[in-house]
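For reference, the structures are reproduced in the following blocks.
One chain, chain A, links the two complexes that follow: it is found with chain B in the first and with chain C in the second.
Coming up: the complex of A and B.
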């Protein structure tokens, strides 16, 4: 996936943006989708598809704990994606200056 | 504690072949006066209960214990049920502890989750991955009191026992915070669910009113397998963390909540008063 594609996926919706901010500020957060929704003041229904997008992208990971599915930040993948985005932004800026 | 110590977190087998038990090493808190009170530090692998009411500095003391551990090459984990990590990072920074930097160096983790998830365990435990990642020697749970909201009172002791055993099996020294509204009376009852018997050591923090000002007292109520300082010591929360001062030698009844000067001190006060009048 290219830097611009990653960027547009990450910032695809307001809720997704809220989720990214939550997990970046709190990289050690491990919670159910329901719990994550509560932490950003949204409903589970509003959050579930956005969490799925971030799982597909690889920013979040999923794990079964007893009877619950929890989500958490994949720190390594997150770093990798941020680097791609940063490189993409550099290219855009250089292109813009030209 | 830095040389030839067993790895923690990955497997109980490490301890089996390490000769850890009885090796005489202590888990230093890094607070010199507290380590003196503990005769060198906590016993390795012990579960310690840090009990106190709100505002007594439980979180500060626990973070200080973990940060000082990292300085000694012992990675640590802080498990929080209430505060989000960004608030903990901010508060820790006020004491000069850069937890984000320690996390980047894989020496520290703040895990934020729900107590119910910590208790739900199938094949995988919530903490398995993070224990594998950073191989911690120290772990703090803030706080055990939150488990009470998710389990019946009768089951609380069993669930807490499971958490304690999970950490002990992995050779991790744990500090379990406990919100106790008041620690008073002759029985020193810290919890009403019998958790005091599960832990190896109990450190109690208590605000006390002496001569119309609020001061803070720390006491070690219990330490299995070791001698310890039995005195109540005054402490302060300073800009660099907890600082333990001298013992409350001139007062009695501090734990019961009614501190008064000991008889000899009252006599000395009278004597001083009389000699000043004579002048």
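Coming up: the complex of A and C.
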């Protein structure tokens, strides 16, 4: 997947943007989808498909703790994906580069 | 009676929270300059935080080196650069910026409402100016 495609997936919706901010501000966060939805002030229905996209991309991971399925940030994969995004952005010209 | 109601109309102001308050005194040129500077500072630091929180420090550094944040208070230019870099993702970043900015300034943010970046920042700027006037 190219840096540009990763970027499009990461910023594919407002909810996904909120999820990224939540997990980057709290990189140790482990919570259910319900809990994550509450933390960003959304409904579970609004969040579930967006979490799925981030799981497919690999930035989030899922595991079972007791009776609950929880999601958390895969820090290594996140770093790797953001590195690809950074490399892609280096190649985009916007004028005003130093 | 009409004169009185006109005077009442002139001396009240509806703040961004929807409350009617007595009209603040107008800003002098120095105060206006200071308020502009303060707003610009708050906006740029909010943009930095929003981009950093969403896409990490490396991306933020690249955007800084590309001059994205040199004049973030020039809304049209910032918007243009953001769209060149992020395409459809630009609006997601703008929403994150506005959400953070509104939180800092105590303005309600409605994610269900239609989104206009320039309009949202104009409201934030006005709030910043009003706070300066009330000081």
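Heads up, the rule we're going with is that the second predicted complex is superposed on the first by the 93 of 98 C-alpha atoms of A that agree within 3 Å, B and C clash if a C-alpha of one lies under 4 Å from a C-alpha of the other, contacts with A are read in each partner's own complex, and residues count from 1 in each chain.
Just so we're on the same page, a contact is a pair of C-beta atoms (placed from the backbone, for glycine too) under 8 Å apart; a residue touches a chain by one contact, two chains touch by 3 or more.
Fair warning: this is a prediction, and the values are worked out from it, not measured in the lab.
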Chain A: partner with more touched residues, chain B or chain C: C
First, second, both or neither for A:83, with chain B first and chain C second: second
Touched partner set for A:39, first chain B, second chain C, both or neither: first
Which superposed partner A:70 touches (first chain B, second chain C, both, neither): first
Which of chain B and chain C A:25 touches, first, second, both or neither: both
Touching partner for A:92 - first (chain B), second (chain C), both, neither: second
Common interface residues of chain A - those touching chain B in one complex and chain C in the other: 25
List of chain B residues in touch with chain A within their complex: 84-86, 103, 109-114, 116-117, 120-122, 124-126, 129-130
Of all residues in chain A, those that touch chain B in their complex: 25-32, 35, 39, 63-68, 70
Chain A - residues contacting chain C, complex: 7-8, 10-14, 16-18, 20-21, 24-25, 41, 78-79, 82-83, 85-86, 89-90, 92-98
Chain C - residues contacting chain A, complex: 50, 53-56, 58-59, 62-63, 65-68, 70, 81, 84-89, 92-93, 95-96, 111
